[in-house]
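Across the two complexes that follow, subunit A remains constant while its partner is subunit B and subsequently subunit C.
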Partner chain A sequence: MITAGIDMGAKNLKVVILRDGQVIASSLIRVGFDTQEALDEGLQHALAEVGLSKGDIQRVVATGAGRNSVPGADDAVTEVRADSAGITHISPTIRTVIDVGAEEGRAVRCNAQGKVVDFAINEKCAAGAGAFTEAMARALEVPLEELGALSLKSQQTVPMNAQCAVFAESEVVSLIHARTSKEDIARAVHDAIASRITSMARRVGVEKDVALVGGVARNKGFVDSLRRDLDMDILVPPDPEFVGALGAALIAAQGA
Partner chain B sequence: MAETTDVMRWQTKPLECWRLAKEIREQYYRNYAQAREKGGLRWVGGAWSFGAIPCGLGDDVYGLTSEPYGATIAFNKDLALECQEAAEKYGFARDLCSYMRNYWGSVLLNKYAWGGPFPKPDFVWQDHICCSHAKWYQVVSELEGGIPYFCIDVAVGPYHERTDSRVEYMVGQMHDGIQWLEKITGRRYDDEKLIEAVKNEIRCTSLWAEICTLNKAVPAPLDEKSMYSLYVHLVLNRYTPEVVSFYQTLRDEVKDRVANQIAACPTERCRLMTDTQPPWAFLKIFRYMESYGAVSIGSLYTYGLMGIYDDQPDGSWGAKVTPMERGVAIKTRDQALRAYAEWTLAKPLWQHFYNPALKSRMMARLAREWQVNGVLLHYNRGCEGLSIGIAENRLALLKEGFPVMPFEGNMGDEREFDDTRVMSRIDTFMETLGLRKLY
Partner chain C sequence: MSPFQKFQEWHQNRHQYAQEWKARTGGKVLGYFCTYVPEEILYAADVLPVRILGSHEPEDVTEPHIFAMFCPFCRDCLAQGLKGRFDYLDGIMISQSCLHIRQAFWSWQLHIPTSFSYYLPMPHHVQSPRAQDYLRGELAQFKGAVEGWTGRTLTDADLDRGMEIMNTNRRLMKQVYELRKAPNPPLVGADAMEMVLSSQMTDKREHNQELAALLEKLPQQKRDGDPPVRLMIIGSEDDDVAFIKMAESLGAVFVSDDHCTGTRYFWNEALPQEDRLMAIAQRYLDRTPCPTKDWPERRRFQQILRLAKEYGVQGALLIQQKFCDPHESDIPQLARLLKENGIPSYFLEFDMTVPLGPFRTRVEAFLETLREEDLF
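Then we have the complex of A and B:
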């Protein structure tokens, strides 16, 4: 059986194609103004990898912020359920999954069957989500991809108090004027997000094993801060941004 | 046979007294606005103020309670924004009680939510338990050109710890208040009218508890969104015979619905409860949940803002036996004030001001006895008073095994409510409760 999981996120669209429960293709496309175009392109990309066409897909399940605007999907599930299904497939011992994407951070506690026990999602504020790191990278004038590696070179902890991206940016500017090194500021940024994410995760009760998924999991500096803050090891799967799409594809395969 | 189609599981029909409820409410606001034309007096004060006491000044004395007035404004998004901006322009901070800001804005704009200029009150009759209470009307008194202002401090501790001296402290202030009312209005005070008004208020708040207790039935005869329009008379003019009669009619109708399994929500499969005032401009969330078969059967807020409860002989929670039913004599001013103070101190929503654990216990009890499957907690940034300790309540409910979904918002300021995010969060919560959209 061939199924597809489509994660229509705030910034990127992720597609995972499964054949009999095994991943055979995936793709990631930036979502612009035209979501339909991104969807066609994303599916096309993934299908072309394995020489399939749309007609070969038997079931499609959508997830992500734009899940209800995926035409042709057989079903839509929330990110929380998709993350839970995806991560317990990758590592059945995971009980807490933390997902940090562009606009949202969420923590999900699940049981051995991948069923959601409790969840928490950050509120309106972008602090604690990927958009925050982007804004901070801009303020530091470093490419986003380099922010993680930069922070790992930090020599000291610098506290950052601001709760919101707007105030944090002015705090970063003050730190720059105080001649704080970029490395230390980068770490301060990651520590600040990690502390927001940790307090959100603690609201659902952090139960081992813990996994981090979503695009921000690629940021090594943030992973390091979160490990320190939670004071425990965290599993980062090889393709952390695809876990939601994988979960959706698995749910499609179950016919749920 | 109550079950119907797959989606519509239960029979339903509109409430017969709905129209009457609407008429009484509209009349209340009209009465206040037109009081002067009839040679009467107007007072303003909080919904919890001892509204039966000014009744002793005569039948032509009309009140305007501020929280429901603030909620009326909140329901009208455009007016609410106008009021909030007026309050902010005046210099009031945005994180203050949003009902209070709506009310102040309405006074500053000189715009009555029911049309025309804001009718100027003759005096303020207030009580104080939340930090905003006394300050609210200090400002109103100033904005209205220094109208006389009396405030009764009711923060004497939780009901189970009450002592004679604590009750006496309240009764003493009430006696002083009556003398003050006579002085500022130049009217002679009529104790008979006071006694009748106090008895009416006790009857109404007991009847409401009885009505809420009937909602333990499956399917629930009332849904919370509708209850908002039904409880409102308790925070407007609960001391009048019309309102007693309304709640008797409603109680009888709800009893009939229970006997015939008439549901408020025909899709009921899952029973939820909420907490604190809802985001008034977004009541559509309740109808949205019904598309999943989830009905909010009420909350400690809807039930206990005014309803008075007690342990029943079978150990369950239900309406408190009134002093009249217990044969307590209420024949003099002092007896009436004493009964009034005692009765009011039992208000469920006064208890958590002293300790969130008291509220957690009541919430868990409500969830168990009303057979609730999940809880939505509104972390209401607009009301510090009712949100105190809500995160503690969440933990306590989780410990009791109830799934809980918190969401942030503001009862009166829609700028602090993220519509799309909350709907999406509800989708997630419904999914975790094993529910799928029915339509």
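Then we have the complex of A and C:
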């Protein structure tokens, strides 16, 4: 049986195709203004990988901020449920999954069956999300992909109060004027997001094992800051940004 | 046509209603800031009490008058006054509840003068044995002030009439709420909210007639389809109908509430006794309390639990106006109490406008957890 999970995120669209519960294809594409175009392209891309066509997919479940604007989806589930289903499939011992995407941070506590026990979402402020790292990378004039590695070279901790992305940027500017090294500023940025994410995760209670998913999990500097802040080991699965789409595809298979 | 259409119209055209009422009756309209205001005495004097509520639009007029960490509701209320939307009011009043809404009242009094303005020192320690005599004395003073303002003496017969109008309204709304106990209730939470809100905006004699007509029609209304997930909403002042409708579009139905725009407002009646003012005083001291007045015993919690059980509540949304400390400090304890009684809850912080998209995700995820609970 072939199912698809489509995670229409704030910035990227992720597609995962399963055959009998096994991932056979996936794709990630930027969502612009035309969500339909991104959807067609994303699906096409994934299907082409394995020589399938749309008609071969038996069930589609959508998730993500745009889950209700996925035409043709058989069902829609929240990111909370999709994350929980996805991560417990990858690693059944996970009890807390933290998902940091472009514009939202989430913490979900789940049980052994992948059922959601409690969750918290932070979306009022960009300081706890990927968009914040983008803005800070711009201020530091480093490519986003290099921000993580840069911060790992930091020699000292610089406190930074990231209550608001715009004020934080002005704080970065002050640090630049004070001749603070780029490495230390990069780490301060990651520490600040980690602190916000940790606060949110503590609202639901952090139970081991803990996993980090979402695009920001690719940022090694942030992972390092979060590990230090939570003072525990964190699993980062190989394709962290696909966990929501995987969860949706698994739910599609269960619901068939 | 929805049997609730009249209530919706009243709710949406509250100012027009009050202006027309004034033109029609030649009477005075008084705006009140808190539901501890003894409306019985105002009805006795043929004054129309209307509640001052916000409009859920972003505003930029209250900043010089209200602290930044005061709740968005008190700001929204004051904004309505500063924007001139309540220009028709002849008077305003508040009964002491919290300092945020009191600030909106003082500021209103300062900037928007009316011929009558009254601060009623409603006691906080409603559980004190001295509260009855104290409040009775305050009500006597208030009655005197209303008599001075309207130029008429209020007799026991007037007070009886005031109590009867209020009690009838309470009784009828309670009967409507009773219908929400059905597995697939003939009314949704948005209907109930607009019904109670409109009772705070219209002449209750007219509202009572509409309620009586509603009660004729409503029990026959059957809803088809799967029974929705039964939710209760609990917390600060809440007249955010848009939020309720959004949540109910996700396969849920609100079957009860603990809000001062809901059960806290109308649940109990003034019981007749020889001393009318004492009857009114006891009614306000015994009502489901606002958390500012709910100590040392937490009476509100027991009422919430009773409602949750009687109405077959599966999950509760705990909402709080941002910076509403009295509610916020109750929430952890309340969430625990509900959990111990098998009712999961989820917390949401409300602002003048709520982000419907992200809130939708949260409510939907909460409903997913409730539905999964059923499966296991």
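Note that the second predicted complex is superposed on the first by the 253 of 256 C-alpha atoms of A that agree within 3 Å, B and C clash if a C-alpha of one lies under 4 Å from a C-alpha of the other, contacts with A are read in each partner's own complex, and residues count from 1 in each chain.
Methods note: contacts are C-beta pairs under 8 Å (C-beta built on N, C-alpha and C of every residue); 3 or more make two chains touch, one makes a residue touch a chain.
It should be emphasised that the depicted structure is a prediction, and the values quoted were computed from it without experimental measurement.
K.L.:
Subunit B versus subunit C on the shared subunit A, clash or fit?
P.N.:
clash
K.L.:
Between subunit B (first) and subunit C (second), which, if any, makes contact with A:Ala46: first, second, both or neither?
P.N.:
Touch status of A:Ala46: no partner.
K.L.:
Based on the superposed arrangement, let me know which partner A:Ala102 touches: subunit B (first), subunit C (second), both, or neither?
P.N.:
Neither partner.
K.L.:
After superposition on the shared chain, which partner residues are touched by A:Met8: those of subunit B (first), subunit C (second), both, or neither?
P.N.:
Neither partner.
K.L.:
When the two structures are overlaid on chain A, which partner does A:Gln113 contact: first (subunit B), second (subunit C), both, or neither?
P.N.:
After superposition on chain A, A:Gln113 lies in contact with subunit C alone.
K.L.:
Tell me the contact category for A:Thr78 with respect to subunit B and subunit C: first, second, both or neither.
P.N.:
Touch partners of A:Thr78: subunit B and subunit C.
K.L.:
Figure out whether A:Ala168 sits in contact with subunit B (first) or subunit C (second), or with both, or with neither.
P.N.:
Neither partner.
K.L.:
Touching A:Ala65 in the superposition: subunit B (first), subunit C (second), both, neither?
P.N.:
The answer is both, since A:Ala65 touches subunit B and subunit C.
K.L.:
Identify the partner contact of A:Ile121: answer first if only subunit B is touched, second if only subunit C is, both if each is, neither if none is.
P.N.:
Both partners.
K.L.:
Do subunit B and subunit C touch any of the same residues on subunit A, and if so, which?
P.N.:
65, 77-81, 116-117, 119, 121, 123-124
K.L.:
Can you list the residues on subunit A that touch subunit B in the complex?
P.N.:
65, 77-81, 116-121, 123-124
K.L.:
Mind listing the subunit C positions that touch subunit A in their complex?
P.N.:
Subunit C reaches subunit A through residues 355, 357-358, 361-362, 364-365, 368-369, 372, 376.
K.L.:
Considering the complex alone, what residue numbers of subunit B touch subunit A?
P.N.:
Answer in residue numbers: 398, 403-404, 406, 408, 418, 421, 424-425, 427-428, 431-432.
K.L.:
Over in the complex, which subunit A residues touch subunit C? Could you list them?
P.N.:
Counting only subunit A, the residues touching subunit C are 65, 77-81, 104, 113, 115-117, 119, 121, 123-124.
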